[in-house]
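Below, subunit A partners subunit B and then partners subunit C, in two separate complexes.
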Partner chain A sequence: MFSLIRTAWDIFLHAFRRRVTIQYPEVKSYIPPRWRGRIILSRDPDGGERCVACYLCAAACPVDCIALQAAEDEYGRRYPAFFRINFSRCIFCGYCEEACPTYAIQLTPDYEMCEYTRQPLVYEKEDLLIDGTGKYHDYNYYKVAGLTIKDKGKGEAGNEAPPVDVRSLMP
Partner chain B sequence: MNSIVIPLVIIAGVLLALTTISAGLIWLERRLLALWQDRYGPNRVGPFGLLQVLADMIKIFSKEDWIPPFADKPVFVLAPAIIMITVFMAFTVIPFTPGIQVVDLNIGLLFFLAMSALGVYSVVLAGWASNSKYALLGGMRAAAQMVSYEVFMGLSLMGVVMLAGSFNIRDIVEAQRGLWFCIPQFPGLVIFFIAGVAETHRLPFDLPEAENELVAGFHAEYSGIKFGMFFVGEYLGMTLISALITTLFFGGWLGPVLPPVVWFLLKTFIFICLFILLRASYPRPRFDQLMALGWKVMLPAALLNLAVTGGILLAAG
Partner chain C sequence: MATIYIDNKPYEVKDGNNLLHACLSLGFNVPYFCWHPAMHSVGACRQCAVKQFKDEKDTRGRIVMSCMTPASDGTRISIDDPEVKAFRASIIEWFMTNHPHDCPVCDEGGECHLQDMTQMTGHVYRRFRFKKRTYNNQYLGPFLTHEMNRCIQCYRCVRFYRDYAGGRDFDVFASHNHVYFGRHEDGVLQNEFSGNLVEVCPTGVFDDKTFNKHYTRKWDLQTAPSICVHCGVGCNTIPGERYGRLRRIRNRYNGEVNRYFLCDRGRYGYEFVNSDRRIRRPLLRPTPHDGDSSGGESTVAGEEALRHIADLLYFGAGVIGIGSPRASLEANFALRSLVGPEHFYSGTSDTDSRLVAMIIDILSKGPARSPSLLEVESADAVFVLGEDVTNTAPVLALALRRSARQKPMEAARKQHIPCWDDAATRNAIQDAKGPFYIAAPYSTRLEDLSAHSYHAAPDDLARLGFAVAHELNKALPYVEGLPEQVRSLAGSIAGALKDAQRPLIVSGTGCGSEAVIQAAADIAWALSNGGRRADLCFTAPECNSLGLGLMGGHSLDGAFRAVQEGAADTVIILENDLYRRADEGAVNNFLGRVKHAVIIDHLTTPTSHKAEAALPAAAFAEADGTLVNSEGRAQRFYQVFVPEGGIQESWRWLRDIMITTRRAYAREWENPDAVMAALAEALPVFKQIQDIAPPAGFRIAGMKIPRQHQRYSGRTAMFADITVFEPRPPKDPDSPLSFTMEGYQGRPPSPLIPRFWSPGWNSVQAVNKFQSEVGGPLHGGDPGKRLLEPAEVKEIPFFKAIPGAFVSRKGEWLFIPVYHLFGSEEMSILSPGIAELSPRPYLGLNLEEANNLQVSAGEEIEVNVNGAVYQLPVRHVPGLPAGVAGLPAGLPGVHKATLPAWGSLSKTSGMVEVV
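Right after this comes the complex of A and B.
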């Protein structure tokens, strides 16, 4: 009997506690930098597109929300002719970011992307592509992997080391 | 002329005030529950979220009013009306102030008990007419619970009747000029309060509608305005019990300085808040625990209170 009254009294005292609610549109909670939010396509430090249209993100996507078409420019460098993410399907799992070999596709701490209809949630390449480098400022895929230029294979030009044989087991 | 117009005005005023209050209670309950759960509750629609009431009303009026094809139609439609009618009828005998009372019945208290007993029909018929398992279980529970709590609800009030020497609620209030009955009749107050919570099937005694066992119990099949009527009926019942506790145990409109109606509303408001605090605090008991509490603890306690009060009154002459 006493414990019942004590319970009610303790609950009553909660009226004077601090509220835990965050009044969302006016006050926003802290979002960590590695938050998995809106997906972007980043550029390398020189301003070129990082994406090499390898389809690994589309293959990794569990809900098949990524669609793209590979193309090659005159130097044989691959790039996506179109790159489309349907955010009404996306579950923000981040598998595409994990799969990406060039750090091109990245998830950002932006989560405010509500729409009244579904169509605006389909983002095209120009919506996804940003001007910056995203989370990896100095990374340039071709400076690491090398690039075949006219008459010279990878590692054959001046000041270049031969490419690492990734299939070798030797140290 | 005046003898016709004034009662009509009072009736209309009481009806309007009660429906407004019961709608406002939806907002009050949500805000208070939030307050006691470290939240804010509805605070977006209008000042302090007060227009939430209006939004809820628009929503519930515009919802589809659906009658399941397997339901017993006439009874299904009748059931929500019964709870509204009985609760409104019970309010007629409550004296809000010396001047504002719909009808000054000699048997006011008995009339209230009769009306709250009739209210059981609403819940039972709703459970039966819905023709579904959960609704029937809810209706069965409601019948058992309300019939057993009805018994000592009446008995707990007999102490007050003995002290006042009248069933007339106005006389009972007048008899409290010297001392509110909450002091000499404290056991009666506690028993009546618990019985009142069970009668209005509010938490912790909301077993007839226990959401997590019976979906919504007796009103599981109801939607739209019919569900709204059960909802409003529940809030009205809560207001009715609070108003009765005020009139029978806390001196009704009596109080210094402030006008009588303010005292009445203030006291009633405090008890409504207490009802909501109970909901915020206690878990729901098992059904056998509820019945055991009613028959093994509350009924003997009410009888003991009755006997002791009677004995003291006889001894005092």
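Right after this comes the complex of A and C.
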């Protein structure tokens, strides 16, 4: 008997506590920037695609939900010809972001991607590629890597000496 | 055997090897760069350091390079000593000071020896703060990319290219830390084996340019053991597929065949599998005989095509089958069973059929043995008679380069230089070449090895051969009227062969001359008369020429006659373009006379255009089968991927036709094993082919062997654009391999190795882990079974008919085929890179002849041979004898099948046409 009254009283007291229920979708909760939500492909500060199609995200993916094909432009810059993530399989573990050597693939705080069927959850490159740099603003892979691309020749990357003159015998 | 102590544990190793070889053979992980199992040690990179101790009381020890230290009895070393580990880590740190930050965009990434070794030594953090050295790259042709920044200066490339493969247009330049590996200027690499630099280079300086165009990581490729189909040598390969397209070919080590290297035709000739010229669905085409002139072809379902073909066979007045030397044994046998042995034609020209039959006869009825390429490498005197080996059997030419070293190596051995000490050996032998003689119709690429090269018309080559045989065995007929010079050459060749421990005669079908083959056989037989071993190596024109020859069957001319005489009006052509086998007119006549022609092929060809029904056959990477190489070794190849469309294996199509035409026994042919069993029963010579590889039901611990790497990616996304519900992986009823990544991950039996990979060894160097000893046979023996063994004969059936000397005719020339690595083969030329490097059709003359005719190189001339008239530019072919002209074999528009033949030349009055 006492416990019944005690329970009723406890519940009554809840009426005066702070509300924790959020009126989603009218009200949205705070999501930290490092939240592992919808995956995007970012661009470097110059606006070029960051993804170099190295396949490391696909290899790291524990559910094998990333498929892509590498291609190369006429100046030798690599990019994915297609890049597909099957979000109906994705477990948002973030291994792909960890594996990415160019900060191209990033997980974002967006989680609103429900669909009634699975097929629309297959995202192609057009759906994934954003116009900004995402979480990492300054990194530009090709400014560091030794490969030549358009407007960047040999020896012009960071911490590189100009190309060797093979015909010189000078020390 | 010697006992060595590694970290205080005793191990038995073979005598005469170095410590690195011994450690790797025992399964230890010792990092290395400059050492290569085929090119041995130079001690350049300092990476394979170990600590050696004087005796068990020695605790200090000293650091030595394991590749330069003999594994002699009682050697005590430590691999795990902290000091030596730190030494190795600092070595790799030096290598990495200039290595660019580009693994993600490097094609080698994921199968990079440098990555593996960096992991192995534990170097993780770059401390070097200064600027990185950079280089400009070169254009090296359509096959190789060049990225010199990645170079770690191990010298493997230049050692392979110059010392091993005999190339001259690639070298190391500059000095100190600026050394540069490349050509003196941009340009196409001239050596036939340049593609091996991809596998020889421990990092990404040289990479496969054709692979780069559809790049995929090694772990994403679906692979299976396969056999190269671009010549008769039968190199073992690993083709890789992704998204339904063949991506590349890699070498598959077979200790007795190709070992570590492939030729560029084999490595880059794969692109025909992805060609637009593929037949992908069954086609039916109304023929004039149907009275239907609406024209146009229509793709139909497989069943409809089969019903149509069954009707043709049922109502036809007789059916013949034309097989093919580029189709597997299973396919040819299925056709032979369908039409009956008496109606089965081999589909090769009359000359080719005769020559191949003769080769089989010689190898199975005489005392000389056809050597494996490993045995070719150890021959110490070589006589090449009438064959341009580099262009007809390239990897054999690479093996011959090794045999030219055997005799000079004795000098090094006398100075107690171990054979693995490469730099010292080369210093000891300098430019010395062993006895190596070439007699060929024109100058060949191996001539830098030979002291004497003799160029003559095929008949004269045969006469030289018979003269050598006479010198070896005076009971053989004397060759009359031989010039004194040639006779003394014959004497010196005979002397060298007689003095050798392991003499080798190389000949083949290249000249199109029976006499040349007979002369080669006579020499080998004369040598082995005393009961000693003499090897006789023939080249075969195509990948399954010998298999088809062993199966028998009449030549193509017989098929033409059968139709001419009205014995048959329906023909089934298996993977064969008849226009490459006989004169255009004869084929036109034949195809015009047959009422119904059915073709089973993977490519549209001039022949397939004229067929009433075309069935899409699987190319080598899409089928299982067995091929017999020029050694007589039957080897199995496995399906790499399941092709789209209605493509299936030729033997399956033929089986389906048999089932449709109510041949009940064909229902039992469920997999290649059943076909092979039927073949072995019908033709006992093929008895052994059932033992080449484990049967389809073979399992390890109940599991199949996966074609996909355990790290294979994208399973749930690859086809998600088509359907998000992942389709079930295809089943493989034909072999113990599966089209998935699930299965037995350990080391499979040697014929079933789908890729070389081992934990910590992602690069091609993982092959060490699959061999019973480094450079030795694969665990469980090298795959393949020899079908031809020499006979124990009392009376050697010597050939005694010597042809007359070649007499040049006035106003006429003898046209002989000139072979090209790039271009002479039917399918590889569909690869854009090979097409780019293949010559345009030309007329070859030697300089003197051209001057006599007053034509200069490039000038067009009218060629009249075999009733066909060509307008061809003149090209200078060194070595061609007077009265002989060369035509490039197999190039579009030039018929090889009918050469050699007499014809005439006439100048087109100064007019130069632009083709």
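We take it that the second predicted complex is superposed on the first by the 135 of 171 C-alpha atoms of A that agree within 3 Å, B and C clash if a C-alpha of one lies under 4 Å from a C-alpha of the other, contacts with A are read in each partner's own complex, and residues count from 1 in each chain.
Criterion: a contact is a pair of C-beta atoms (placed from the backbone, for glycine too) under 8 Å apart; a residue touches a chain by one contact, two chains touch by 3 or more.
A quick note: this is a predicted structure, and the numbers were derived from the prediction, not measured.
J.: Quick one: is A:39 in contact with subunit B, with subunit C, with both, or with neither? Answer first, second, both or neither.
T.: The answer is neither, since A:39 touches no partner chain.
J.: Quick check for you: in the superposed arrangement, does A:14 touch first (subunit B), second (subunit C), both or neither?
T.: A:14 sits against subunit B, while subunit C stays out of touch.
J.: Quick check for you: in the superposed arrangement, does A:4 touch first (subunit B), second (subunit C), both or neither?
T.: first
J.: In the overlaid three-chain picture, which partner chain does A:105 touch, first (subunit B) or second (subunit C), both, or neither?
T.: neither
J.: Considering only touches as defined above, state whether A:69 meets subunit B (first), subunit C (second), both or neither.
T.: In the superposition, A:69 touches subunit C alone.
J.: Contacts for A:124 in the overlay, against subunit B (first) and subunit C (second): which applies, first, second, both or neither?
T.: A:124 contacts subunit C only, not subunit B.
J.: Figure out whether A:144 sits in contact with subunit B (first) or subunit C (second), or with both, or with neither.
T.: Only subunit C; A:144 stays clear of subunit B.
J.: Should A:96 be classified as contacting the first partner (subunit B), the second (subunit C), both, or neither?
T.: In the superposition, A:96 touches no partner, neither subunit B nor subunit C.
J.: Counting residues of subunit A in contact, which comes out ahead: subunit B or subunit C?
T.: If we count touched residues of subunit A for both partners, the winner is C.
J.: Could you pull out which subunit A residues touch subunit B in their complex?
T.: For this pair, the touching residues of subunit A are 4, 7-8, 11-12, 14-15, 17-21, 23.
J.: Residue numbers of subunit A touching subunit C in their complex, please.
T.: 52-56, 58-59, 61, 63-70, 72, 78, 84-86, 88-89, 101-102, 118-119, 121-122, 124, 141, 144-147, 154-155, 157, 159-169, 171
J.: Help me check something: in the complex, which residues belonging to subunit B touch subunit A?
T.: Of all residues in subunit B, those touching subunit A are 35-40, 277-278, 280-282.
J.: Help me check something: in the complex, which residues belonging to subunit C touch subunit A?
T.: Per the stated touch rule, the residues are 100-105, 109-110, 131-137, 147, 149-150, 173-176, 178, 180, 212-217, 219-220, 243, 711-718, 720-721, 723-725.
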